[in-house]
Amino acid sequence: MATEAKAHELIVSVSPHVRGKETVGRIMWTVNLSLLPAFIMSVYYFGPLAAYVTGLCILSAVLTEHIYQVSLNKKTTIGDGSAFLTGLLLGLNLPASVPFYIPIVGSFIAIVITKLLFGGLGYNIFNPALIGRAFLLISFPRLMTIWLKPTAQFVSLDAKTTATPLGILKEGGLDQLMQVFGDKADLYMSLLVGNRAGSLGETSVIALLIGAALLLYRGYITWHIPFSFLATVGVMAWALGGDSGFFTGDPLIHLLSGGLILGAFFMATDYVTCPSIRKGQIVFGIGCGLITMLIRLKGGFPEGVMFAILLMNCFAPLIDRGVKSKMFGAIKEQKK
Amino acid sequence: MSIQKKSNWELLKNGMFGENTIFRMAISLCPSIAVTNGLKNGVALGISVMFVQTMVNITISAMRKFIHPKIRIPIFMLVIAGYVTIIDMLMATYARTIYREIGLYIQIIVAFASIFARAEVFASKNKIVPSLFDGLGMGIGFLLAMIVISFFRELLGKGELFGYSLISGNPLLIMILPAGGFLAVGLLMGFFNWVDMKFYGGKGASGV
Amino acid sequence: MGKTATFERGIHPRYHKDLTAGKSIAKAKLPQRIVVPVSQHIGAPAKPEVGIGDEVKRGQVIGSATGFVCSPVHSSISGKVTAIADFPTAAGKMVQSIVIESDGKDEAVDFKENPDYMNLGADDIKAIIKDAGIVGMGGAAFPTNVKLSPPKEKTIDTVIINGAECEPYLTADHRLMVERPKEVVEGLKIIMKSLGVNEGHIGIEENKPDAIEAMKSAVAGESNIEVRPLEIKYPQGAEKMLIKAIKGREVPIKGLPMDVGVVVQNVGTALAVYEAVRYGKPLIERVVTITGTGIKEPANMMVRIGTLMSDVVEQCGGLVEGAVKVISGGPMMGFAQWTLDVPVVKGTSGILVLAEDEYVSSDDYSACIRCGSCIDVCPMGLNPSMLSILSEKGFFEEAKEYNLFDCFECGSCAYVCPAKRPMVQFIRLAKSQVKP
Amino acid sequence: MDFFKLLELVVAASLINNFVFTRFLGLCIFFGVTKKMETAVGMSITFTAVMVVSAAISWVVYEQIMIPLDLTFLKIIIFIGIVAAFVQSADTIMKKVSPSMYYKLGVYLALITTNCIIIAVPLINAGEHYSFFESMAFGLGSGLGFALALLIMASIREKLEVADVPAPFKGLPISFIIAGLIALAFTGFSGLITL
């Protein structure tokens, strides 16, 4: 029969025989793309140093992953964009003025210790970029808290340093923050566009929100974590952040400053290290918010987003264990 | 038990490497991090443990014919606690600065599983001399582990060894902090496993 | 009703139904030879009633039912039995089959007509349905008479005709509803009568507006039958999802539709029931969609049971150059074939041929990144991500804690997985390794 | 006011000065029983209960008997005796009163005597001269903190069961690294409450 010859060419595999078009690489590279506005703003405010630091982070992250995998005779996975993303996020989380070895050490910790030793992408417990950053902050507390003053031009190498808004708030309170920024409207505006000291990628709230909108639109992240995270921070800031008693705080200052937007949309939502069930993600977001504000208001550090996300990373497997999605037909079962 | 047939040197070696308390047996882990932020503390605790381990082994071995099996556990406890008290008081008197930092961990030697385990497994069944070498081997093994870990931690974390500055610049402060301690032990353990697997055909630590 | 009915979660694959949606059902040529497996249904296999060399006619019983959950098989042509042996089937198993060479005359046995069929008793109807060898034609092929005989303690109040046809590419049910709506409705009425039920629904996905129209006008006079447009979503046609969409009832975990008082039948089954009860015609042919970019002339065809797929494909112009995969059924749950020399059986709803560009290799998958997409789409509310990881690493017992056996392998998880993990394969592996 | 002080003590002992992550005590048990969630839960319950009671008993013995009699130099021996005796009697009582509970938690009791936290709590209480209720609060906080550490670790290790950890790092080494990373995250709590 004519088909006899054909028979051996047919491919046999298990259903389904058609697949959606999403791939890990597509998702990761889109996230990278969504951070582009924030990166551009960082170069605008902090000059070529910003590009240098971020580039060095990306380069060392990608190279580290490649060398590790090649030297162990494994398939290199740098094409999926996750190492690039780790480097990029680490870079955006560093101050502009760090010496060259800080990005390299940070990338090594992020890629090797946090990701590859755990079995690679998909198995890490902690967000690699954040562990890299935390490691650096604890190791080099002084170098990691030198903040350059934003200059608002692409070329400048202004060496003037200043404190971050949250740093000022912690040290001198709201009054001093007002002295530095003028009135509240000026403060909000500076925080929105990113004209303030801080880690490279965290300053420009508008640029970050543009990227976040892309991710939300594409469905790569959902509202659950960012919303519950931001809402908790807002409520906590309003309730406990005021100088004149409960419910007098200014939630906007806390929402717009620090690494909150960057953390809530781009790092707390890291698939691998957050709970995978949506209900659990809300718990996760609320936890992040609570710890962030606890540290900001009472703790030893001016900013708590990084530690909050890392601490909730610890709890994510526990949350995943405790929160199960509702199974089809489960109501009747319980009544029995 | 085959252990009884081993020569004294073998007993010593077994304690130092084959059954290294920390890297191979993975017991008595607490001090491996708590006191290894500097060589001085690490060595001090290592020597204390070595002393207690050896003395307990000798004492138990000497008393082994008189201890009724039913009450052996409290007796072991008493003997261990006695020696720990002695070293605790000695340190408190003669090594004050170190004692201030690691005093709690000296006292906690009393709850070390490794000391108890050797008394139970070895000393209570063997003559005094082999027990001495067994205890000494375990003690030296522990001391070696302490030295290795605290060497790396002090060097990386402060750029110093025994308090003498060796490297200038910005050290990795984290290495002398708790987190760095865990990381250092984990990485060293992994490294030793790797060496063992690569060159001696071992299967890696059994895990707890 | 403003909103169209549906269930929670699910996916929106590309449907590709336009390849055959507009093509009326053509009659396939009389095959030279048919291969009739004695087991085309769930349950015990039928017992061959003929020997080699016997002359048979169209509609003659060649394999008889051996128990309650069993269905007889009939010859779909007239001719001579030439072999009774194990042959491959589309499900990938070797099954005892009766081979009949056609004599070209296509003579039929006398069918017992029943013009007054609406006055038959419930038991008579069920007997006719059983003798006609009717099984669920949506794919599962569960003997229909068994479904129509629920245990006494279960009260059935609703019959749903499943016209969702949510599998991409397939249009067999669609064409039936467009071309023969009256007969489908009559089939539904017979089923309702046999169960003593007063409420009937016909659920149709909204991407078949002409079918909805046709069915609506066909039920115009029937006050107790309603046509229900459904949201276009896979797996809308899965029994449990369909019941949820139309009646809002959830079949309990490990339960059956009858536990919530519902019986679901496929469009094709309804037609077969009508033809059997009205004209005495057994189930010897069915509509098959032959489609995909790997087929020269995609079509909907009335094919005799037992016709080899190669015969059918030839009538559609054959395979194009670069056709790489042949699937019996739809792309989401169908079986890939290694040969075209397998017969069309009662449950074969489609023959789908994928060309190279449509084919996605499942060998090249990576680790789960826990994006949660699969959890978002699983119609059963399971955690496919965990199931696949546990199975991949051999933790089969642990997979049971994640309700392994409640998965009905719809493939939604694998469809959305960005790491291209073969989720269904992992889940099937785990199912084969542990007891429920 | 007093109540808040006690509450702070509990929080400080459980989160900020978490025994495992900042004081490195109880590591043997921490790494030993966190392979399976079930054992971790059993240990957490048993442990917290034993911790509170032994803190209370030791306080009474230390403040009411040893100090007046000037026997504080014997504290190591006496404390370990107290703990051992208490654990032993708890074991016996549980076996009699609730065999089902004994069946679930009894195995952990045997492990507890060789745990350094259990002996560290009375030692620290004695060193800090906490009051009776402070001692109990400290015991409770330490127990809860240890329980928290066990639960986190067990859930992470269960997740890692299926991960492709490089062979030399399987088991204990990777657990140490996890502990290190958790400890890194816990430094975020530092400075939260200064006692």
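Order as written gives the chain letters A, B, C and D; numbering starts at 1 within each chain.
Simple rule for what comes next: a contact is a pair of C-beta atoms (placed from the backbone, for glycine too) under 8 Å apart; a residue touches a chain by one contact, two chains touch by 3 or more.
These figures come from a predicted structure and were not determined experimentally.
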| From the centre of chain D, which chain's CA centre is farthest? | C
| query | chain B to chain C: how many Å between their CA centres? | reply | 69
| field | Inter-centroid spacing, chain C versus chain A (mean Cα positions, whole Å) | value | 48
| Distance-wise, how many Å sit between the C-alpha centres of chain B and chain D, to the nearest whole number? | 22
| message | Quick check: how many Å separate the C-alpha centres of chain A and chain B? | response | 42
| request: Send over the residues of chain A in touch with two or more other chains. | output: 113, 117, 119-120, 123, 135, 138
| query | Mind pulling the chain C residues that touch 2 or more other chains? | reply | 367
| task | Hunt down the residues of chain B that sit against at least two other chains at once, touch-wise. | result | 174, 177, 179, 183, 190
| task | Chain touch graph shape: choose line, ring, star, complete or other and state it. | result | other
| said: Can you give me every chain pair that touches, using the contact definition above? | reply: A-B, A-C, A-D, B-D, C-D
| query | Of all residues in chain A, which touch chain C in the complex? | reply | 1-4, 6-7, 9-20, 22-24, 26-27, 77, 80, 119-123, 271-272, 276-278, 324-333
| query | Can you list the residues on chain A that touch chain B in the complex? | reply | 105, 113, 117, 135, 138-143
| said: Touching residues of chain C toward chain D in the complex: what are they? | reply: 367, 389-390, 392-393, 395
| note | The residues of chain C that touch chain A in their complex are 8, 11, 13-14, 168, 240, 244, 250-253, 255, 310, 313-314, 318-319, 323-327, 331-341, 352, 354, 358-360, 362, 366-373, 375-376, 379-383, 385, 403, 406, 409, 411, 414-420, 422, 424-425, 428
| query | If you look only at chain D, which of its residues touch chain C in the complex? | reply | 161-162, 164
